[in-house]
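Quick one: structure below, then a few questions.
Lettered A, B, C and D in written order, each chain numbered from 1.
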Amino acid sequence: MDETVKKYTTRKEFFKQYKKKSRLQETWNRFLRNKTAVLGLFIFVFIMVVAAAAPLIANYDDEAIKINVPARLKGPSAEHIFDTDEMGRDILARIVHGAQISLVVGFSAVALALFIGGAFGAIAGYYGGKTDEIIMRCMDVFLCLPDVLLALAIVAAFGTNLVNMTVAIGLSFTPKFSRVVRSAVMTVRGIEYVEAARAIGSTNAHIITNHVLINCFGPIVVQVTLYVASAILTISALSFIGLGIQAPIPEWGNMLASGRAYMRDHAYIVVAPGLAIFVTILSLNLLGDGLRDALDPRLK
Amino acid sequence: MKKHVVFISLFLVLIMMATMLGGCGGSSKKPDAGAKSAATAKNPPKIAEPTKTVDPKANLNADITIVQQLDMVSFDPIATSDLSNRYIITNIYSYLFAQDRYLNSTPELAKSYKRLNDSTWQFEIHKGVKTHDGKELTADDVVYSLQRTQKGTAIGALFKPVDKISKVDDYTIQITTFGPYPALPTALTHVSCGIVPKHYLEKAEASKDWSNPIGTGRYKFKSRIIGDSVVMERFDGYFNKDDKALNKSLTFKIIPEGSGRTIAVETKKADLNVVFDTVDYDRVVGNANLQLWQHPSQLVWHLGYDNTNPNFKNKLVRQAINFAVDRKALMEVGHNGHGTVVFNNATFAPTCLGAVNNPGNKYSYDPEKAKALMKQAGVSGFDTEIIVFRDEAERMAVLVQSYLKVIGINATVKRIENAVFAQTIQAHKAPMFITSWGCYWDPDMFLARRFTKAGIGGVNRVWYQNPELDVMIDKARTISFDDKPRAEVYGQIQNFLAEEAPEADLYVNNMYALANKDLKGVEINVEMPHNYYKLHY
Amino acid sequence: MFKFVVKRLFAMIPIILAVTFVVFTIMYFTPGDPTNVILGNEWSETASAQLKAELGLDQSFIMQFFHYVKNLVQGNFGMSYITRAPVGDQLLARFPNTLIVVAGAMVFCVGVGVPIGIYSGVKPYSLFSNVTMVAGLLGVSLPIFWLGLLLILLFSVQLGWLPSSGLDSFASLILPSLALGSNYMANVMRTTRSSMLEVIRQDYIRTAKAKGVNERNVVLKHALQNAMMPTITVIGMNIGALLGGVVLTETVFSIPGTGRLLVESINKRDTPTVLGCLVIMAVCVAISNLVVDIIYAYIDPRIKAQYGGGKG
Amino acid sequence: MDIKKVNEQENTLEIKNLVIHYISDDEVVKAVNGVNITIKAGKTLGLVGETGAGKTTTALSILNLVPEPQGKILSGEVLLEGRSVFSMNPLELEEVRGDKVAMIFQDPMTSLNPVHTVGAQIAESIAIHRKVSKQEALKQAKEMLELVGIPGERANEYPYQFSGGMKQRVVIAIALACSPDLLIADEPTTALDVTIQAQVLKLINELRQKYHMSMLMITHDLGIVAEVCDEVSIAYAGRIIEHGNLEDIFDHMRHPYTKGLFDALPDIEARRSELKPIKGLMPDPTNLPTGCPFHPRCDYAMEICSQSLPQTKWISETHCVECHLYNDTNESRL
């Protein structure tokens, strides 16, 4: 072993030999061959661009927030292609600005879940045994509560605001991420470069962060994609039942809730925001499925 | 191959949706404000008049289903005066006096009454009044019940002039007041004056469990699923054989969603929708199978605020709010324009005694003036909350929120359940709120309750009190038995309150009830459809 | 088998206790004084203290939890802050509706998802399979509440075929079941399809074919039982999700179930009722997990054998 | 059990010019590229080749079990006692499978259905082809188990309760349940421990002789061939490059590849210190070289080898080879 190590100037270089250089490239190529996945990526990038460029598309204060009662529910027109809502606001403008909220909350909630769940999962998976048992039993308990209900409970206890909601959704996803990370860690734990690192005396923390987690990247990216979709769905679900994002902030779920009284005569008021949720979730699902297939070709 | 299918299918779905939209969109060309198109409607709303005669061939054994928006709160009559609650529980209990459509009194349990002097009244109740569990109702029950009402808060100021309630004999009770109180019979129509048999009341007071109420009313309670339905059956032992229920049972179904209620009547799953959502106005007046009933209304939608809250202590801020809101737009958003805008600060409906639509022509929609007033008050702005519990109110609140933002007030809208509205107010947890107030024709019936100390904890939801006003209210009550001098005082009161601006009245909405065309006996009072016991086919 | 069920039942108890603890803890931290809500304007220091004593709110957190669990064991969910009626009664009135909706969705999700999944897994290159794949992809992305609204728009408003609210007839169950079930149906379908695809490639399927077993029996006798395992796992996991989704379905279709009770109670700050709803739903998830485990054991001889009753 | 007509003259199996490619969206795997095989009744043919030479595909084609839809039979035919397998309808195929032709698969670990008892899995074949009651089938299944050396009462157990060698015995029992005319053994011992291999092989051989079956033994192990086979075909890149009886192949091998195979064997008697592996790798079946597929690895490769496919050259009545070395101009170069 010592001799082998000597050949490489740094430890990093030593480990490099175990990783196929072209793995990322190969995965990417496989991903590109999957047309539906590329479609998903394309739609999602489009949504992100639209969300980022929302202020350029429609002025937040003037078009998405400012109420214009005489213009309410006038039907689709060149000026308001998706009609105006019950307050005379442009539905398209609200959808576009709603995308911002959904994406920001979606990603932050998942980031939170990944951070907390990932830490627990990594520890459980890496150490195994009793530690694993204890952590995973605790997570199982949370899994007994459907995430919408857990989020509802947290929101019910601490009130509805943006931060609480993000935390609520993030926490409700935590057990799932701990499972994902745990199983990913367990599969790479036995792989030789980790063994090798252990053999040359790396600390556990170092191994977890530098080797194990980096190699769990693939499955985690897949899960992040899929759970961002879930998070966006949960946000709009909570808002729909009035326990999420509050008026006048445009959010797809609360647009549906406030518009549904008018849907009999003004279908766009529910069709358009719902379509936005649907397409976003769909794109993320396509993307997630595609990534999974690309990362693990056996699962095709 | 697979990929093509995916692409094509995605495309197809989009087309499908577009087609669906087209189908739905077809009807969206109609103008919004139903009032404007009423003239062209095939089947315009009828004015609901009291039922005078009943066709001898009529079916008096129908099971009637009524849909309303919100669930009831409690069978305890003094728990709340919430509309959704009131018109359910009044079927279970009987009252010394019932309400007519102008909310004036008409005798029910009271067989006769006389004023012994200016401040002593004697009421004789009918003999042989049976409770739902077969006991006879006596003066003891009435006295016990009313004494409890007197202590409660829901009725508040209405019983403020009442001194003592006592039994004279088994069928006579006596009420003494602190001075002349001509409106006492009307006060006794209040929901909280429902007579609950003593034996049941004692039990319920101890356990606080009101889930199986016993009364002497036209209906016996059968079952309730909270949030869903209440079922009651005709009580055949009702004491007044000539005024028994004209149907076999009443089922109250809760459908929170406006169109859902309309659809329920359209599809005959319900007979009567007592909280009609004007969104469907055009549709129902064009439908020959349905009948929309209408009645002039005294239901005043208003924006209230906690006058004890530091933010609203300043009169100028309150005035600024009155200038900041566009009432017409609020009416458009709240009730699709079906109503009459009022500029008032004392919850006077335009049809009330002495009502002035815009006292002193003080208010209009004038954001600039509002800003100026805020500046004058030296308030740059603050954060607050608008509490609502109904869809209409929630929509209005969002609009109000935008109006307030212009003058620097950042409000968040908070929706709660109607069941906890009273508690929220009482806990000072409602700095601002939007709700409706069904007012009596006689302002004496509500002014004291809404704007004096006696109403605190009751319906003085704005926590307003002012000795000057108290004097005026007393004066209006006692100045004369004639309307004219009283109306003058009420004019002064309205002017006074316009300056004080304890709340911002917004509009009075049209009162509708939607029934299928065969349903008879639909009656509406000035605040809601009522007298459900008369419904029949 | 009996031993297995008993063992799992016992294993469920600590989980239910733990879930109750979690929910109880969350709700314990609800800010604000519940006596404010209950007493309203009758609130005073003494009345509040008295009520707190009466409700046991003056005790330590652990004692409160202990009492809650003790009452729970006796089927007592406590008293609603708002109606003062037992929470258990409300749950009893509401929970059956939730169960009906979940069952309806379940029947739809399994009854439609599994056969379609099997068929498209057996014939993975057929047009049918491709169409169902796409439908599945779209299906898993559909928000329940939006689908509910669209179904109402189409079947209640435009066509007038089915009722848009309530739960009082079979017809009124159809739309909620569709709305709640579609998502999970798509999920079940996709899982069944992919596990069928996986199984059909297995060597033992080839063995069966080489024996001369006909196509139908290859699928039904050999592939199905193996392919159902992941499907059952997904179905089991979905029961939790269905119970979460039922909150939305009940809101959209105005069904008086536990989900709506939960939302109403949250809006009323009626903590005991909120708690009761959450606990009963969590118990439901735990029980359904148990049922899934039992079905699993029934299908997989390895698990069955572990508990000795396999051959009996 | 039926008494089978055993016609010594008749060919149990004839495979003629079989070409099978696996065609997917991305690539074409040329698995079988013109295989000819003949097995006479009661005889055993060894099909020898490296992994990827198309042996298993050829075997599966006999039962018409080439995985669909990627596996495309492009030409050729498989005749079972004169009947073309590819023109049989599903019903006829089901009758042939398990009854006339049975197959032992390579990996016993995955070849048994985990959710059925082994008894049921054996009985299934009997029930289908012998049209007997379930009990009777199960009874016969137990007899089969005994025959392969497993106590009959273990019929009620599930595959996970058996070891690898036992499982392979079960697989053999399934294959032999209806005493087929032709037994295809696809590397039956590869997945087993060395100690078990001999037992299983012995079992197969005994049973084959007992029931007078013809057998196609697919293997890469020349030792097995020497032990059980009458004739040998050497497969390379989807073609049979040399065929002959044991003597022809073991003592008079002609094809450089065959020679390479033998050179790669450890020869205990000669005690050569170094093995001589064949240089290079099996060609990528998606991208076969032009001409003779072996030419890139062949020490004797000539110009012509990369240009055209060699013709079959019969060296004796029993021995033929496909190599340019043996066309008329290049005779006796080896």
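The criterion applied here is as follows: contacts are C-beta pairs under 8 Å (C-beta built on N, C-alpha and C of every residue); 3 or more make two chains touch, one makes a residue touch a chain.
What you see is a predicted model; the values in this text were computed from it and never measured.
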| item | value |
| --- | --- |
| Greatest separation from chain C - chain, by CA centre | D |
| Mean-CA-position distance for chain D and chain B (Å) | 89 |
| Whole-Å separation of chain centres (CA-atom averages), chain A against chain C | 23 |
| Chain centre separation in whole Å, for chain D relative to chain A (CA means) | 51 |
| Averaged-CA centre spacing for the pair chain C and chain B, given as whole angstrom | 39 |
| Residues within chain B bordering two or more other chains | 6, 10, 20, 24, 257, 259, 415 |
| Where chain C touches two or more other chains, by residue | 125, 137-138, 150, 153, 157, 267 |
| Residue list for chain A, restricted to those that touch at least two other chains | 36, 242, 260, 263-264, 267, 271 |
| Pairs of chains in contact (touch as defined earlier), listed by label | A-B, A-C, B-C, C-D |
| Complex contacts: residues of chain C adjacent to chain D | 125, 201-204, 206-215, 221-222, 225-226, 299-302, 305, 311 |
| Chain B-touching residues of chain A, taken from the complex the two chains share | 35-36, 39, 65-67, 69-70, 72-73, 75-76, 83, 86-87, 242, 246-248, 258, 260-268, 271, 275 |
| Partner chain C, residues of chain B touching it in the complex | 1-2, 5-6, 9-10, 13, 20, 23-24, 74, 153, 207-211, 225-229, 253-257, 259-260, 263-264, 266-267, 269, 415-417, 419-420, 422-423, 426-427, 429, 456-457 |
| Chain A-touching residues of chain C, taken from the complex the two chains share | 15-16, 18-19, 22-23, 26-27, 29-31, 137-138, 140-146, 149-150, 152-153, 157, 240-241, 243-245, 247-248, 251, 262-263, 266-267, 274, 278, 281-282, 285-286, 289 |
| Residues of chain C defined as touching chain B within the complex | 36-38, 40-43, 82-85, 89-90, 93-94, 125, 127, 130-131, 133-135, 137-138, 150, 153-154, 156-158, 160, 163-166, 254, 256, 260-261, 264, 267-270 |
